[in-house]
Each structure stands twice: as structure tokens, then as C-alpha cells.
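In the two complexes that follow, chain A is the common piece, with chain B as its partner first and chain C second.
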Partner chain A sequence: MSLIDWCIDKISGHGKVESISKIDSTTLELTHQNTNTYAVSVFSCERMNLKSISDIDIQKVDFILNIKKDAYISGKLMQLMESADFSIGGLGDLYSALGSGNLSNYISKEMQFVIRGLSQHNKVKRIYRLDNRRFEIERKLLPDVTILVLNDYDLTAESVRSGIDKYGDFDSILTSNPNCRRSSNAEKAAENSGRKIMSWGELMGNLNKKWN
Partner chain B sequence: MELENIAGIIFTAKATLDRKGVNADFYIFGSILTKGALYSDVDILVIYHKDDDVQIIRYILNDLFYKIPVDLCFMTRQEERELKFIMRTNAINIDRAVAT
Partner chain C sequence: MIKNQKQTSGDHSVNYMAGGDIVINGLTREELLSLLEEHSKREAIPQEELLSTREDVKEVIAPLFEENSHIFHTYGPMTEERFNPESEMPEQWLRKIQDFILPNNRKIVETIERNKKLLLDFENDIFTKFKQHVDDFEAKHTGKTKANGTTFPEDILLILE
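Now for the complex of A and B:
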């Protein structure tokens, strides 16, 4: 079964999808219960940037479905996504977007919460989205800090190490999952790399202080 | 059918890893184990024994799972015990997943 046929099989099971058809080998069109039709481009890529989507006609696409879980999305591609009205995400994101009936401007609930919460903090002057999981936070009278947002339910040493490998430079890890459990080796791996792991509440408190 | 396919892919990965002298245990958990559930990815727990093995395990699994979204969770046995992951998630060993 090809990648697109596998996706059609999965997406057709979603309760909000009235019909679905293949347009070409990488694009499908679905009709939502709200009667709108949406074009979804399907591909599989670990690191997404402007070049990796150069074959996709973004003016005709509402959602780029990346089969790779937790893929890296560059900041420039994030900016293009916002300005050109299309979304990028995994199958879980597509299911959520179908649930809301908005495929072209989808933002996950996790990121909505983080962006809103950071923007409303009284020490935060401005936030810059560096890529799909890092934010540079400009603070009032305090140094800028960069956080990596990880949504793991169980944060392990390997979660920390792969976060560093994938995203590179940042000061602290925010565990955005409120039920996140951290292993002691995860704490050690972060400490050994000179970074801290923070829950949402810890981040909110630490934004008032100099920590880097 | 899907679970058998996924187990087959993991067995292929295990065989490749064995040939390279890499040992790891694989468990499946999450919505794929719920009959009739609409799942968006396949959750796989990988218990690794050496830090150096993680990259090759990840590479081989990602290569084999090109067409299916997989969420890989890597833990040492010590971390699994600490977080009680298998018990909390009702994860099942790949050998048992096929027999179920």
C-alpha cells in the first residue's frame, strides 16, 4: 500500500470526513462535514524547511501532512505557513484540525497554550518562534532566553539528548504536558548539558529571574 | 492485520539489529491496541541497553516505518522501572502482541 493510500484509509475513518479522493500520487482532497473541501499534501520528511516543500504548490494546499512524527520544521517555513495560510502537521494534528473544521490555520492546543501564556507574562516583551518547538523570549530588563518545548508524557534521558540533537541551541526545556514525568536520568542529562527542565509553573516563575 | 504488519516490521528491525550486535526490547502501547480505535500513530517503547545503540535503533526503525507514523519512546530498563511505564500504559511485548 502506498503512503497516500494508507493515509486515505486512515483519514476516511474520521467522523468529520464526508468523502475523500486521490488527486495525484501525493495529494488528496477531502470533503468535510461542514461542506468545505480541503487539499492535503502527503509526504514523509524528518527535517522540514523551505526546500523540502519546494515541489508542493502551497497556493493549492490547505494542509501538509507529514507522516514522520515530531519532525523538525524550520522557522522560515513556519513563517511561510502563517503568511500563506496552510498548516503542517502529523496525522494526529490533521485529526484535530478536522475536528475543528479549520485545516489551513491549524495550531495545536499545546502551542496555543504556550504562545498565549508566554505572551501574557508581565516580564515578557516579545516572543520569536525559532522553529516548531523553540521560542526565543525577549524579556523586560532581563536577558533573552530560549526554550525548547517538549510534550513528552515521560521525559527520559534520550528525550533530552534527541531534543538537543534535533534543535540545537536553547537554555531550558519546557515540559508542556501537565502530566509529564521526568526520569532522574533525564534531569542528569539536562544538567550535564548545562540546561534546566521546567514545568509550566516553574517557567512562569523563572521568567521573573535571571537564570541563564 | 495492521498490528501483525507492524510486528513484522519490528521483527525485521530486531533481526537487523541482532546482526549488528545491538540488543533492545520492543513494546507496543497506545490506541493501536484498542480494537476499532482511530489511531494517528503507532506507539513503540524501546528498551535499550547501551546509549550508543540508540542512534542505530532509531535509524533502522525510522527507515522501516517510512510509511507509518511511529512515536518512539526510548528508555533504559532503569528508567522504565522508575517511571513504571509498562504497567501504566499496559504496553505489551512485541512477541505477545502478535499472539494476542
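Now for the complex of A and C:
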């Protein structure tokens, strides 16, 4: 079964999809219950940047479905996404986007919470998305800080180390999952790399102080 | 008609083959009955008694699993609330672990342990995994360890069928 056929099979089961058809070997078109028609480009890539989507006609696409789980999306591609009105995500994201009926401006629930919460903090002047999981936070009268947002339920040393490998430079890990369980080794791995792990409440408090 | 054919995926779950026949834990109903017949001879438990006692044990543990499952799916860490860092659901979830899930788990383990001779070999393996999961989960939620243990073995829901 080809990738596009596999995707059609998965998406056609969604309750909000009225009909779905293949446009070409990488693009499908679906009609939503809200009567809108959306073009979805199907793709598989660990690290997404401007070059990796150069073959996709973004003028004609509403959603780029990347079947690689937890893929990296570069900051420049995030900016292009916003300005050109298309979204990128995995199958779970596409399902949520179909649920909301908005495929071209989809933002995950997790990022909606984080962006809104950071923007409302009185010490935060501006936030910049460095990629799909890192934010640079410009603060009033305090140094800028960079956070990596991870939604792991079990935050292990491996989660910390793979976060560093994948996303590179940041000051702290924000555990966006309210149920997150941090192992002692995760704390040690973060500490040894000169970073901190913070829950949402801890981050909100620490944004008032100098921490880096 | 029950076909004497194992599902190809071989996982321990209830599935339906192309002909519509039920496969339980990777076994057709015929295969399961044959294993129970062998077990009845080996353990010297009359077959009727073996089947009815297995059913009785299942009736005790099934509601406990159902209650745990309901709590997990309503308050647990996999709901949509996991994307809301300000969610207050974890407080409820942690309380319900103490008040319902841990006591239910203990009752399930005690009940199966008391009736262990009724278990087929593969069910015993599943029960061993479940016991370790219960121990890991309890250790985590009673403050004995910060380490994350094994996950819930879904196959346990299909033993004693």
C-alpha cells in the first residue's frame, strides 16, 4: 500500500470527512462536513525545513501531513506556514484540525495554551518561535530566555538528551503535560547540561526572575 | 463455523477473522477449549468446574477493571487535558489513583493469585506482567520510587475468557 493510499484509508474514517480522493501521488483532496474542500499533501520527513517542502506547491495546499512522528519543523518554515496559510502536522494534528474544521491555520491545543499563557505574562515583552518546540522569550528588563516545550508524560533522562540532540540550544525545558512525571535521572541529565526542568507554574514564577 | 486458524498478527487480543470467527488472545475458540481440556486433566479439576470457576473469577475482576478503565479514560494522563499545562485534572487523577485504582489493583491481584491454578500457561505469563505493572505503579504512587515502570499490559483484560 502506498503512503497516500494508507493516509486516505486513515483519514476517510474521520467523522467530519464527507469524501476523499487522490489528486496525484502525494496529494489528496477531502470535503469536510462544513462543505469546504481541503488539499492535503502527504509527506515523510524527520527534520522539516524550507528545502524539504520545495516540491510542494504551498499555494494549493492547506495541510502538509508528515507521517513521521514528532518531526522537527524549522523556525523559517513555521514563519512561512503562518504567512502562506497552511499547516503542518502529524495524523493526530490532522484529526484535531478536521475536528475544528480549520486545516489551513491549525495550531495544536498544547501550543495555543503555551502561546496564550506566555503572551499574558506581565514580564514577557515578545515571544519568537524558533521551531515547532522552542520559544525565545524577550522579557521586560530581564535577559531573554529560550525554552523547549516537551509534552512527555514520563520525562526521562532520554527525553532530556534527545530534546538536546534534536533542538539544540535552550535554557530550560517546560513540561507542558500537567501529568508529567520527571525521573530523578531526567533532573540530573538536565542539570548536568546546564538546563532546568520547569512545570508551567515554575516557569510562570521564574519568568519574574533572572535565571540564566 | 469456527475455523481452526490462528490470527496472523499473533497478539493477545480479541479479533475477528475474515470469516467472522472470534480469536481470543491469538487463539480460536477451539484452540482455547482444547487447552482448557488439557489443563483440566493436568490439574485434576473437572472441566465443568474449571469453566464455571473461571467465569466466577472473571465476574469478580471484570467490574474492577471497568472502573479503573473508566477513571483512566476520564481523568487519566491521555485525555485532551494533557495539552493544557494549567489543567486541574491531574489533582483528581492522583486522588482517584489512591482511592480507587490502587485498591482495585490489589483486589484483582489477590483474586487471581488465589485462583492461579485456573490459569493457562500463557495467562500465567500475562498475569506475571500485570503483577509487575501493579507493583511499579503502586511504588510510583506511594512515593517508593520516582522511576517510571512498565505500562499496563492490555492482554490481562482477556484472560479467563
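The rule we apply is simple: the second predicted complex is superposed on the first by the 212 of 212 C-alpha atoms of A that agree within 3 Å, B and C clash if a C-alpha of one lies under 4 Å from a C-alpha of the other, contacts with A are read in each partner's own complex, and residues count from 1 in each chain.
We take it that contacts are C-beta pairs under 8 Å (C-beta built on N, C-alpha and C of every residue); 3 or more make two chains touch, one makes a residue touch a chain.
This is a predicted model, so every value here is computed, not measured.
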First, second, both or neither for A:N179, with chain B first and chain C second: second
Chain B versus chain C as contact partner of A:L3, first or second or both or neither: first
Which superposed partner A:S44 touches (first chain B, second chain C, both, neither): first
Touched partner set for A:S199, first chain B, second chain C, both or neither: second
Chain B versus chain C as contact partner of A:N36, first or second or both or neither: neither
First (chain B), second (chain C), both or neither touched by A:T27: neither
Partner chain(s) touched by A:L91 [first = chain B, second = chain C, both, neither]: first
Dominant contact partner of chain A by residue count, chain C or chain B: B
Contacts of A:T156 with chain B and chain C, given as first, second, both or neither: both
First, second, both or neither for A:S74, with chain B first and chain C second: neither
Where chain A meets both chain C and chain B, residue numbers: 154, 156, 181, 183-184
Chain A-touching residues of chain C, taken from the complex the two chains share: 76-78, 80-87, 89-90, 93, 140, 146-148
Chain A-facing residues of chain B, complex: 38, 40-41, 48, 54, 58, 62, 66-76, 78-79, 82-83, 85
Residue numbers on chain A that touch chain C, as the complex places them: 108-110, 113-114, 117, 151, 153-154, 156, 174-179, 181-184, 199-200
Interface residues, chain A side, partner chain B - complex: 1-3, 6, 10, 13-14, 44, 46, 67-70, 90-92, 94-95, 152, 154, 156-159, 161-162, 181, 183-186
